[in-house]
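Multiple structures are listed underneath, in structure tokens.
In the two assemblies presented below, chain A is common to both, partnered first by chain B and then by chain C.
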Partner chain A sequence: MAAHMNSMEKLYNLSSNNATSFQKKTRSKLVSIPGTRPSVQNGQLIVSTGVTSLDYVIGGGLAVGTLLLIEEDQSDSYSQMLLRYFLAEGVVCGHELFLASAQDHPENIMQMLPSPILDDNVSTDQGDRPPTPLHLHDPDAMKIAWRYQNLPKFQTTFGSSLFGHCYDLSKPMEQQVRQAAKCHTFYLPEEKTAAKESSHLTGPYAGLLQCIQALIQKEGFDGSSSQCTVRNVLRVCLHSLGSALWGDDLCCSESPTHYHALTTFLYALRALLRSSLSVAMVTVPSHLIQKRVIMERITKLSDTTLTLESFQGSEKETNPLYKDYHGLLHIRQVPHLNCLLCAIPDTKDLAFKLKRKQFTIEKLHLPPDLSESVSRVSKVELPGCGPTSKHLDF
Partner chain B sequence: MLLSVLQEKEAGGFVVIQDTASYSGRQLLKYYINCAIKSEEIVHVLGFEVPEQEIRKGLDRNYVHLFHFHNAYSDPLGWTKQSSFRVKHFTTPHIIQLVNKTQNAKATILVIDSLSWVLRHHNPAVICQELQKLKRAEGSIRMTFGLLHKDLHQQGIVGSICHLASTVISVAPLDIVDSAVAKTTQRKKSGKVMQEDNFFSIKDDLILSIQNKPSQSGHVKADLDTNEGDPASNLTFNLRLSEAEREAKEKVALPFVFSQEKKSALLRPSQSSGQIMYEPDASDDFDEEDPDDDLDV
Partner chain C sequence: MFPELNSILNTSPDNFKEREFIVLSDKQADASFLIHHYLTFYLRARCKVCFLGLVQSFSHYSAVSQRLGVNLTQAKEKGQLVFLEALKASPGVLLNKGTSDGIQTFDYLRSPFPELRGLFEFVHSSLTESGDDDGKPWGPPVLLVDDLSVLLSLGVSVGAILDFTHYCQATICSQLPGTMVVLVRRDEEWDEEEYSSGHLLQGVTHQCSLSLHVEGLSTGFCRDIHGQVAVWWRKRGQSAQSQRKIFQYKVHDKGASFFARGTSSAVL
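== the complex of A and B ==
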């Protein structure tokens, strides 16, 4: 079971529109781990994914002990960016990292982490903004609707929360900051222990699973070694599982030889995560996987699932509706963790854009269709059992 | 972008040329080989599909000594036990050894003609791993070219190979003879993806000419959203304002226009419940007397 914070009082906050500054009163039974906080929705211990707008969309953050699955976009650029944000957040919070990759060397991935913006220029809430004095000759001053002058502007981005950090994509993270964090890596071409692949259930992923299991036991993330009093969270990052470079032909053929390898691996991984203080982010090239039923199973075996759909190369790139954005984000699954209700986002139309320094996820707003060919429904048609005549005679 | 594929500075580039039965990509491949040897780079070709003479035809004679062909065409599976290169030799250490046999001052270019042949005889996942190792062998091999016949394989295999590639060039025929369209997709290490469509034609002497969109006889795509003309243009009444009219319009005193102090007073969040602010209008008659005093009831 994932770590659970025992709370004395719980304010039931149904509307998740505003970022709350609510702090739960807790008994300090559990040593608080830096970089984590209890969730307001279900009391789970959550960590930030690195992208604050993504945290908002998946219900405040990623619960410790869960698995976040990201279905990659066609060119794997944005999913790698999300991985880097996740790792950078781990470095800044002081968590331990585990990075596994079969394509790029983990050192190269670590060198491209974005640098954190540490002096907090957190903007105050929009509501506390002091009223601006009216300037008659100011072109922005409204002549007719001046009463609305001081109301906050309509925000499409989700409110900046006090959880998580801001990063600057244009600068890589400095070496001393990066080396302050303990990072364990697994690079498949350099692994010498080739487990007996065909006999093992997890096939090509056997070595990886053993490595993660050994690490969790050795460092005491599952609470086994009693000497460790300082508790920390392990962030596990697995890049492009299921691709041919892992030795798995799930993406190559419609009847793969290791049919159940990836699903068995994810099952075992989630069991490991649930019994330790760790959180995992896995990316899968789902556009290459031929059998859709395998993708459905993989989705069910993970907790939170997102799909990134990039506009590059598709006809949506030139569509004027999407001109401000670089792609769409689809939330496929949100977990129910120890409660009946899950954190449902208030909108499912989400889009992401990559500015020079930042990657943000926003609500996709379509402008009203003002063209002449739009049909406008003027009257609501009455159903058949309603009164047929308009004039009721008594 | 089609012409600058060879100038890629990033080491470990892998270029895949996808073709179909209706238009062969081999001419384009030979064009790149020709460009490479003309810029004095050593090219090694693993030829599975066509014999050596066909690949050599059309290459620049002065630089032909930089071109090395490894014959896997005559006996790829090793039946006669005399073959020089067999398909099972397609492993990274073997290829690098082959490439390093010729004295190289700088890294070479490896051309695989074609990848489809190799994929038929090996596990695709293993081939992907070998290609990834070739990409990382930056000391010996600068760039790898591969010809892939996409109609010979399942979609998953084509997708997996192209996922590894840094550049994918997809060629398709056009209605016009000798012309073809090439869709180039290039992915840089930073994650940026660029795409371009080019119309080109290659003659036998391997000269590539890129054309503008040729006039097509058949398909003319109907423009879905026609550009709407300005709707206010051809009307019998005037919808526009002249300058004088616009100034006059802005001078009109709007109703409910308050003075500056009243506006700022209203905008300030006030603690009191409600304030009635009355400004008498020009036509307001403010009489202090009570009109009911006249009543005699």
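== the complex of A and C ==
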């Protein structure tokens, strides 16, 4: 993938070759980009998706250089939420963002990002005033050792190197926080339709591909320009590709005219991602695509694929088994990245729920069935042996 | 290369059959671990290899081959391996960057009727050009394609791909005695129209001499057994009988283990 990874591999090889535990200080060669860390499983550089439970399920995080495909739920509400978490994480980590949409204006999407939960004490001036020990007076506060009481709970610096943050969905992100991040947008109705003889294969997506490639080359994410010494990650978010608003009739007809447009675009996008420090999240309204073959091809062309199945409006909403959750999350595909194995999740029964402030993904477990034991006590009827006790205990 | 697979197929880097057309296919599984096996196998056997990397970058294969004990960068420098980085070159070709009229290799991305003639010319020239390893000539040439079904997603018709494999087979397996290994990934939904990879797989399997079909287990996901491999020796010529066998496999970090059905170490 990126040249960055070769130096990381050298580091691991170094430590295995040395007989002693002494490690040469080659860490200075490794570029540490805020908001990223090497994966524990295979050493790939990963970024957080914004939802820590989703990170856990896809193997620690999203590897830089890969494509995450999300098959939208019927109302597109949860997939948009995942996009917003992804963008918010990019803002907090100081990554650059690229947002493309054909439906909502990117500015509207950016205004609805969840705000990160940061420690209030240290946000204004760092270390000048001692943090007020509020929790001493609060009887419900957790008792922690005195040594740690005065330390801030969360790291607060923006461009923070912490991996994965907590967000509060009930509050939108503040403007000055948002504007600290560089965001490039692509709003299809406002783009000039340049009539160039681009290859017919990309069709409606030619302009979008051109824009992404130009951005990667200009800002040096592929390591081409030697001036950029500070390396950063580019987060690409593409909302609802394949829908009719993009000019593609994949979702509208049984035999679409631009049959290969979306698949060719995803192929080229993955090629761009592989050769640069970028990561992409793409949502596709798969429930509208008539031909299942195309959806399979799209899945094979991406790296990680998830499907969101929400219970809204379906018969599962009233099913008592699912009463705690709002939908199911299916993992369709996990990638093999530079190794033969892939990160197999522990369980394939995952469900998500949206609380007032947070979106979490959990292992689906059935609630204990209490009705049977209740009825057992009341329904005991002896076949008439006399006035023995009604409850038989063994 | 995987030693257990070598013993199942009765081959080794010192002694393998030439003029073979091997087809790797999968359905609801990922057969790309077999491509890594064949790549390292033929490099160990000192063959001249032409690899069409249509879905992954060179560094991916290099990282995996390093774990299997073969250095791809060195092989490329010595001239033993010719690697076509088709994935990385595709955005440039699609957006018409640069005047690459001379390079017809990527014609399948360009013209209104995408065709693979340029790709075949590339394969032909890379396998027939002379080169040697300090005076000793390389072994029989090998073509590896990973994978062929992605061309369907790029707009190439099934007929054009079958023409390409036929030309390659005629040149490589018959003229210069060599070997061909292609990977075809089958879609689950069998579409009746021409876009289906099921048709492509049928056509290519008919042309081949050995087929390895990887599938998931019919009973579902299992952590210890990743799936099953159906090996089909399609013999031509004298002995007309063909032989089929099924094995189960599990992929590790540094290889894969193959065992007869029901004899997984997790079960016994």
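In this text, the second predicted complex is superposed on the first by the 290 of 394 C-alpha atoms of A that agree within 3 Å, B and C clash if a C-alpha of one lies under 4 Å from a C-alpha of the other, contacts with A are read in each partner's own complex, and residues count from 1 in each chain.
Basically, contacts are C-beta pairs under 8 Å (C-beta built on N, C-alpha and C of every residue); 3 or more make two chains touch, one makes a residue touch a chain.
Quick caveat, the model's predicted, so the values are computed rather than measured.
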Chain B versus chain C as contact partner of A:103, first or second or both or neither: first
First, second, both or neither for A:259, with chain B first and chain C second: second
Partner chain in contact with A:304 - chain B first, chain C second, else both or neither: neither
Partner chain(s) touched by A:44 [first = chain B, second = chain C, both, neither]: neither
Contacts of A:245 with chain B and chain C, given as first, second, both or neither: first
Which of chain B and chain C A:81 touches, first, second, both or neither: first
Chain C partner contacts - residues on chain A that touch it in the complex: 1, 5-6, 9, 196-202, 206, 209-210, 213, 259-260, 263-264, 267-268, 270-272, 274-275, 291-293, 296-297, 300-301, 336-341, 344, 348
Chain B partner contacts - residues on chain A that touch it in the complex: 75-78, 80-81, 102-103, 131, 133-134, 136, 143-144, 146-147, 149-150, 189, 243-245, 247-249, 251-254, 285, 287-290, 312-313
Interfacial residue positions of chain C with respect to chain A in the complex: 30, 32-33, 36, 56-57, 59-60, 63-64, 67, 87-91, 93-96, 109-110, 112, 114, 150, 152-155, 185, 187-189, 191, 195-196, 221, 223, 251-256
List of chain B residues in touch with chain A within their complex: 123-126, 128-129, 132-133, 136, 154-157, 159-160, 163-164, 185, 187, 191-193, 195, 254, 260, 263-264, 266-269
